[in-house]
């Protein structure tokens, strides 16, 4: 197991390198001057050049990359052009908030998805199955950013039940697990949960359905197991794959929450990213994408390792 | 027009005495990757120094336990798997500069075990049969295909435009045979070609194979694990164990006397067919060992009743029996110089 | 003589196959036609696509020409069957014209990615070895980005615009298609019929062309169709964020964005583009599902 | 003493996309401790017969007529707890592909123990020691270690031994074995056959052994029932079937076995292929392939002729002397 | 009493260290709240244009050389950290912006502040409360320039290890508000500075919370669901719904305009005064009202009509299609000889109001007088680049006008920078390459007229020329709408980019 772990980690390194190159290049393909957005509109060319030099943007690309990666391994992701604050701090704070949101969405989505999927898989080709399938297709088909707006209008503006934006009365830094804060989570988390509910339900349905047609299920009945026992076996068989799908979904939730975070003004990584894009804040853009992508890579790694740990069929050496 | 008209195999070159195919020291190791860096950690010694030859018009049967390298040998013969070492000589020409792979494949064709998997599910029967002829640039491939289909007992009018899943197993195996013959090969390698068929259908296909052999003067290499079938169709039998040839002999000779202890066990493992004389004791214990780390010396020594110290270290060579030089066996018991306590005595009958 | 007849008879008496001879795609088509839901979705999509293509000939109002007086009219207003947008432009016309761009940037990336990804994947899967390693490891790197993130990152970096959206979405969808294509191809490559084809002496290219492509393309295609809905939503999402299509082009995501504040004036109006996106992606999903089951020949 | 197994006029029909008359009017009985080989080609209904015995067929798409009694218990009427107790307790089964019939994510020990716990109501430790004991009995080397292996870590032969251990762990009265050796090598097959034979003696249970290999049937069973197209074509002791097969189909099978056939001689193949069972047969199903077919064969179902006690042949010409070739 | 929660349009909390970013909004919420400048705007009245008043400087005068200015500083002013405000600190603050060798030089503040005080050449602390500033050339607009410069605490900077990043988290100014907590991109909480030197302006509120809410609909939803009490710039379409919900909309004219800046390069059709006037007469500005929910002041010139510098131009900017057509014909155009012009516009941008519909409206209006407008639509940040590049740059692709919105609060930003010969792009922001001797003389007059009254007269004359020559296509002025709960009391919206929050209280 240990050597499996090591090998997986080793395999991650080139991917991480590739990710860093892409993140770096991403901002190089960007047209226009990154400093435009933060200079006063009537700043002179000379002032701009000085600023550019101050940010090291006047050096050749490979040099910029080397400097960037060098700083990076020391935990320094540069400073935001727009705010001057260290990117690392900004990104980690935001990723924490996104994680909170993504995890909440996962907490909503996964149990519902699993339950619905199992139900549909077990009652395959019945009206229950069709109902769940319809529900999950609807879930993956709805543009969630639009759903978010609709929910805000209904539950915040018209009914006034839930807040429409923000991470609680005191902002994300004063986050606490009380109702005053958690009610801020509800709408964005629910909105974000809709797609993974659909995906998890479909996955689990297919898994459960497939496993139920396997020979060993007959063998289980043949040795006198009850329905509940058989379902336990099915669940155990589906667990590894389902978990890995859910792990990846968590990654997608984190990386894909940008639209929802903009709609709900949630101070997460997506919100940060959209600010970075509109302010053409390159270091921030780089940093955010890099951290999210690396997080996703790590998530993949964890998923793989967990999958290997719970699924005896996977080669662990 | 008889079916024979369209059958124009490549010209015989070396005359009847020249073996149609001879194989020397054929070797194939498959790497097993693993470890932290995914480097090759071990090798499956699937085929390790196999040599034999097949005379023109002869049928050679190959038997052995699962995983002993029968299919790999077959694929090596036709170049589907690249050999690590060894030489393949087809009618006097070694595969290499003088004989290209494409030419070799014109002379050697193969029928696989799984009749369904070997047919492209998106292709009609006719197209599948005609494909090889088309590739080899033979003229009028469709007509050839139809004639051959007729010859193997499939009415072209009814079957030409069908897809594999619309056929029964026996019919599909006929298609496979027709496809192999479409290129007018001289040697057909049949890898478990009848194993998946029901007994009654198997008999039909075996009849067909015998007919075709006579009609077209084919040479067969027939791989099977059913000794009865091998015996029925073959002239000589080659026994493999863990990638090596342990015994090769004319069928009657081996039926009378299985010289190698492994061959003996294999034969004793056949169900008896006599209710009054059922098998008493399993001739071999356990499963065949893993070809990743085959035992040293004689690879069979771990399961052999007659094994002695030499067998662990010394690799036996294939040598003719005293009674019959055409019956060759790789066992220290038959080699007077081997140093085995019972060297030269053979196994008791 | 007799032998031949024996085998002949043998074949003749075997059970008659289920249906009269028909091609694979005919079979798929026949199964699709028998699936009402899929056909309905297909119909809706065709309607949308045809309406989008023939929009200029449908006698619609000018989708770009607005009127300040006729702003934000409710659907059903005289002369404006679906109302007007925040600049008094006819919603019906804009929604139909909007289908052009939306469907184009929603579907085109998948189409492009399908060709590029399939080519890469098939080559990687069939050739294997170093080629495979290079292609697939590169793909792995792109896989390290969640798709939404990658699309937004590239679009965000390139800036708004149709071409930029096309580029970024195509880049997003190439890796998954390549991966599936590679997996399917190496699966097919391991099958005996490929060996059988190679055994005839056919060149690699011939084998790929005749035996591989036909068998891998449909699973890749089915997979690609399942991506279209994601792509649609994503493309509209980019416009919604303001890094996709630029105003004043009619595009559903962008319309959703620009009509956001109209939600307080006329909620139905601002819901319309969202409904269009939803219906289209729903149809795409259902069509993909239908196609999947129709292509799944179980015998 | 009640019969171990008594099947009367059993018919099984599958509906769905295609209708399949898988079993047609089969009657079969077994005494306690008997071994019966069910012999037949692919699709002749062997597996369906076994599954019907265990009530494993999908209830919605299956229509079952007739009756099945095991030790006097009406199997077809069993439900819920009683059915669970019967499955694995009274009757248990060994499947053809042990690799598929074992749950891949549980250790083999767990899977055996699970069954023991359910039927014997013992603690997990006791169940595990029973499992260990069973693994020993099926001659699995270093059983203690194997107990904690997952199925994929075992070889094919070993897996089949585990299946057998699992099936016998609760001491069933009747063991159903569905081609348990087909997937195995000849050298391993004979080991398993001998093992089963031994265990049958030791446990004294009845065995139904499904196979399409006559040789295997000979090795394992006292009695043989030959099935064709969902019907019993012929039944008798193994000796009777081998030495004196009366049904033309049996004879064909024997010939096709190639035992003692001269090399290169023409094989006496049964032409054609078995019928599709889309309709319930109303004449002899074998007639289209039969070398000795009569006009009457195509007109009506053949009578069941009983030339001796517990010996029957479903053929009009069963009483005729066998034609000399 | 009470807490006022404000939804800002900025995407981030403005820079907190002193000189703010985020444009006018930054100065409004983080500048004049936490900090003071030497000279400030009078924000107490809603009825008249705001004028300069003493801030940290109590009086100022220019020497005979017309270059050296002397400032008397307000005594007994202390920073939030308790340290006193002195001339030395003021000098230190100038150094932080202008001297990149100085220890306290902060490129970020400098980027925001340096260009605001182009006139300043040197500065000196004469004594604790006397400061002199020398200009490069005579420049009477210096007080307006200095109104930009905010004074941060030197002592605090030293206490924060001379690290501006740390200062950002707990800054110190002399202003009426203290920054209490600060979460980047989320919120800033300001509390009253009870020690403030101007008792009138000690805030009545307990707390003011600033939240960046760049998305207009998110702002509207936040206000309507009660998460904030006040939002800046509500989207016009949301206003009826807000009013329906009992919310209050506050607005007032202020120095902002929305114009087409015209190219005066050789060959530009806008060089013909008849065309310029015709275009100005062809637009029905009242007709634009519904589009903006009534929240606009139709332009009568470059400055809002209420501006103290508006003057009495002869050319009346109104809607008169007939007159416009006549002028066009005089210029040689007609139904059969239409004029084609190319115009740069952006789909969005700060202060741009609703650029697309408004420009389309203009396009339709101009087509009535045979001017066919072709738009070149570019993204806002690129627009800024094109604006800096000037009309002659290749990147504008021959466009003959650029639609821009201007901050026009003082003589320099309001008038000079757009048309000064010395500021022709790319050296300055005279986009259209306009250069006119008469105008240049007027600009000179503004800089050399040190008496405020007389200076106002010159400014009026200058603006009259702006209008009479129809130097821009004048369209409209924004009215800085903001929406708030009815419980927000005591707010007086000054005619300025900045506002006074001290008078506000929340009614329970």
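Which chain is which? They are A, B, C, D and E, in the order written, and residues in each are numbered from 1.
In this text, a residue touches a chain if its C-beta (ideal position, glycine included) is under 8 Å from a C-beta of that chain, and two chains touch if they have at least 3 such contacts.
Since we're looking at a predicted model, the values are computed, not measured.
Note on connectivity: the fewest steps through touching chains from chain B to chain D is 1. Across A-D and B-C, it is B-C that has more C-beta pairs touching. For the pair chain C and chain D, the distance between mean C-alpha positions equals 50 Å.
Each chain gets one centre point, the mean of its Cα atoms, and the points for chain A and chain B are 55 Å apart.
Between the CA-based centres of chain B and chain E the separation comes to 91 Å, rounded to the whole angstrom.
Chain centres here are Cα averages; for chain A and chain E they lie 40 Å apart. With touch defined as above, residues shared between interfaces to two or more other chains in chain B number as follows: 168, 170, 204, 207. Residues of chain D found to touch two or more other chains are 266, 269, 271, 273, 289. The set of chain C residues touching two or more other chains comprises 3, 6, 10, 12, 14-15, 159, 242, 260, 263-264.
Residues 14-16, 18-19, 21-23, 26-27, 29-32, 137-138, 140-143, 145-147, 149-150, 153, 157, 251-252, 254-256, 258-259, 262, 273-274, 276-278, 285, 289, 292-294, 296-297, 300 of chain A touch chain C in their complex. On chain B, the positions that touch chain D within their shared complex are 65-66, 168, 170, 198-204, 206-207, 210, 225-229, 231-234, 251, 265-266, 268-276, 278-279, 281-288.
Chain B meets chain C in the complex at residues 75, 78-80, 101-103, 105-106, 109-110, 112, 114, 117-124, 131-132, 135-136, 151-155, 159, 161-163, 165-168, 170-171, 174, 176, 179, 183, 204, 207-208, 211.
Those residues of chain D lying in contact with chain A across their complex are 51, 54, 56, 84-89, 92-93, 95, 97, 100-107, 114-115, 118-119, 150, 152-153, 166-167, 170.
By the touch criterion stated above, chain E contacts chain A in their complex at residues 11-12, 15, 21, 100, 107-108, 111-112, 114-116, 164-165, 168, 183-187, 211, 213-215, 217-218, 221-222, 224-227, 381-382, 384-385, 387-388, 417, 426-429.
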